[in-house]
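Heads up, the next two complexes both have chain A, just with different partners, chain B and then chain C.
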Partner chain A sequence: MTSPHLDPATAAAQAVDSVSDAIIIAEGVEKWYSNNFHVLKGVDLTVRRGEVVVIMGPSGSGKSTFIRTFNALEPYQKGRIEIDGIVLAPKMRNVEAIRREVGMVFQQFNLFPHLTVLENVMLAPMEVRGWKKAQAKDKAGELLERVGILSQAQKYPGQLSGGQQQRVAIARALAMQPKVMLFDEPTSALDPEMVREVLDVMRTLAADGMTMVCVTHEVGFAREVADRAVLMADGLIVEEGTPQQFFSNPQRDRTRQFLSQILH
Partner chain B sequence: MQDFTLTNITYSLLLATRWTIVLSLIAFAGGGLVGFLLMLMRISPLTWVRVPSVVYIEFFQGTPLIMQLFLVFFGISVLFQINLSAWEAATIALTTYTSAFLADIWRGSIEAIPSGQWEAARALGLNYFKQLRRIILPQAVKMSVPPTVGFAVQVVKGTSLASVIGFVELTRSAASISNVTFQPFLVFSIAAVIYFCLCFPLSLLSKRLESQFVFE
Partner chain C sequence: MGYTLNYSVIFNNLGFFIEGAIATLQLAMTSILLGLLLGILGALGRTSGNRILNSVAVAYVEFFRNTPFLIQLFFFYFGFSSVGLRMTSWQAAVLALAINFGAYSTEIVRAGIEGIGKGQIEAGMALGLNKMQIFRRIVLVPALGNIYPSLVSQIVIAILFTSVVSQISAEELTFVGSYLQSRTFRSFEIYFFISLLYLVIVWIVKLSAYLIQRRFFGFMRYVR
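Entry: the complex of A and B
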């Protein structure tokens, strides 16, 4: 964990030093969209095991695109990304091997509407890990209980509220027993009264030691749970530090400006 | 001279209707099979897989079925030095025709599935074929059933064109009977009623299925 008294540069340097401890290493990641828009302009980020990193930034800053490169949902053109010791090459053959280890939660939940809640959670362990039905069902039940949805297990996603759907989506990702969880604005599509139930699940997850990279604007969550907060703007990381430094004493004008906008 | 009563005209036409039904079923089954493969090619991310299917689909959608029947019936015998029976030519032409349209109908259903479904499936580590089989196809099939059943009507009506290459089905039989009875209006009216009785239930079914899937 990052000690609160370190300045951001030292903290980052330490992170790079302890390579064995790093689970995500991104170096100079650059990406252009097909219309030549330069969305990532050389982003470096190292995430250590058990660390919770929150990425903030204005829309269009490339933060979602950046975390989506970690499970190869977005290809990148330059730089290097290493996940748990495996280099994510731009045109790699066995990309599923990485995706198995990296769970992702989407802004729009993306649950499978033709499957029940239980089947949504059981599907990937059975199809990808080759688990038997009984084993997948036990695990799914356990996870649904953990996110507080077990009583809805036989319903279809369309019958649940947004907050419930997002909790199922978290359980679905966890069912693969990933080493890292990526959260892409998990509460942005939710009605305000449902944000808390999702953040509570994420808090528990962090407390259990899960490595998490969260794109979110939930400042309360970031202050309380994150080990590190990162600001991205215009395809670059502008500032990173402990939440304490980041929110109370930001070093960059761009960060101050952004925080004043989201803190009203 | 034999006397043609309404009953035996209708009876003769109904006998010929069997061939209309058989040809429709074969065209639909064969067209479904070929169409499914074409659809898989059509949605492939690989250009060299996709392009041949686009050419095929555009060709068979962009030319009249009657022209395709002639091309198969006369063309194959010229090109390959084999004589196709009217029956074989009609089967081949209707199958290719049906496959081109079904491939497009099904491609449309697959493209209507939100991209987030593909992403979620990919993010969980499912490979391309499992993404299709477990996530995309089950949802797309539901959506494609009404237009597929609706297209069956086009296939049934399309079989009537097989009469021009000498395949004896309902239309061809009606033409022959009207030649000997000198009652074309009566004979073709009965034939039309028979076609309607085949197609109308399919249209109804298609509409019902459509309204059933609306709430999803």
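Entry: the complex of A and C
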């Protein structure tokens, strides 16, 4: 990352800066599934505050598993993950403390079917942050308005379209006021005509300065919004770079091959 | 047949019958609510992933589903009193019915919990909820919604089971019937009328179950 025309002192200062600015630091992360499959083979990734990182890669490459280690939904066996200065140790006690700072949006939305849209968004702030009902309701209303779904607040998730449900899921995660948002293929389960409304919400979020790590194959979104694009294959990061470099001038054969497959 | 039907025994003792029916309803409701609580705890044990809790729950279910209820009842009433733990017949009846219903509902509720998708639990974890919060706020209501019809059938069976406790002289509807029968010998009229009263009790409970379903499980209509 160091530019050649900086003197060494400035470069070092910048390096220190970028480290203290990092909110996610993953170093040599390795994971085996219980059937001994080596899904992550030593993955390094540092995400700075306010950065938008898009992770792409063929299915089975470990990209979802990798981001799910950031909020301890997946344990890992080797390496080190630090989220906002707290090391995610295996079998740690207060894992909830990290999870409430890291929002996650899932491929299948995973809204709670027995709660209305409004209640879905209010639940975690009340249970986890101990907010009063009125406060949680105000915040939920504000967030639902932001994702354009306030008029559906009293409906159940099952009454909404996939795109609407995913926007509620984003609002639900934001209600915890997380420092990082993880997106695990947020548009993969959607009908094509609903992809855009979800990506638009994600664009706004990025523009507001949210730190985001997105596993997605939406090239348009990655080119426009991401600060960095990453290719994972076979449990390793193969290539990373600015979207400009990554899509227009990839350095690795594996990246070129993957891009030719998704840019049919 | 030299038997002339005479329903005066019913009319003369109507208040007595109604009292018995109310007692049966109270007995059923108390033991079913307690039993459901036991069932939820049992199902928690069965799904906890903790080997000891699971074994305790399995043993509980196996024992109380595979032995006769009448024997369970005698065990709580006569067996316990003979080792010095004396209960009234009413207390023993509630206890036996609740524990028996708890065993059946453990397996029903367990099926409901196992029907909850992994994604639901992960969503709760990702929001920072702890295990107990996830169970109470995310898993429990949809799990009960999943198995509500089976649970209601089991509740009806439990209501009808309450008649057995007349055997330890717990004063409920069947006890009232047997008592009047022994004094008047009007078996046909009395047991026919008592059957009708049980039918009404079951209908009341089923109607309540329907209202509860509308109030708490209305969302199930929208769940694929």
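Criterion: the second predicted complex is superposed on the first by the 247 of 264 C-alpha atoms of A that agree within 3 Å, B and C clash if a C-alpha of one lies under 4 Å from a C-alpha of the other, contacts with A are read in each partner's own complex, and residues count from 1 in each chain.
Everything below uses one rule, namely that a residue touches a chain if its C-beta (ideal position, glycine included) is under 8 Å from a C-beta of that chain, and two chains touch if they have at least 3 such contacts.
Values in this document were obtained by computation on a predicted structure and should not be read as measured data.
With the C-alpha superposition on chain A as described, chain C and chain B clash in the combined arrangement.
Once the two complexes are laid over each other on the shared chain, residue contacts for A:157 go to chain C alone; chain B is not touched.
Once the two complexes are laid over each other on the shared chain, residue contacts for A:110 go to chain B and to chain C alike.
In the superposition on chain A, A:225 makes contact with neither chain B nor chain C.
In the superposition on chain A, contact of A:213 is made with neither chain B nor chain C.
Of the two partner chains, neither chain B nor chain C is touched by A:136. Residue contacts after overlaying the shared chain place A:201 against neither chain B nor chain C.
Of the two partner chains placed by superposition, chain B and chain C are both touched by A:172.
Of the two partner chains placed by the overlay, chain B and chain C both lie in contact with A:124. In the superposed model, A:100 lies in contact with both chain B and chain C.
The contact surfaces that chain B and chain C form on chain A in the two complexes overlap at residues 71, 73, 96-97, 99-100, 102-104, 106, 108, 110-114, 123-124, 127-128, 158, 169, 172-173, 176.
Across the interface of their complex, chain A is touched by residues 114, 116-117, 119-127, 130, 134-135, 138-139, 142, 216 of chain B. Across the complex, chain C meets chain A through its residues 117, 119-120, 122-123, 125-130, 133, 137-138, 141-142, 145, 217, 219-224. Contact residues on chain A toward chain C in their complex (touch as defined above): 71, 73, 96-97, 99-100, 102-104, 106, 108, 110-115, 123-124, 127-128, 156-159, 169, 172-173, 176. Residues of chain A that touch chain B in their complex: 71, 73, 96-97, 99-100, 102-104, 106, 108, 110-114, 123-124, 127-128, 158, 169, 172-173, 176.
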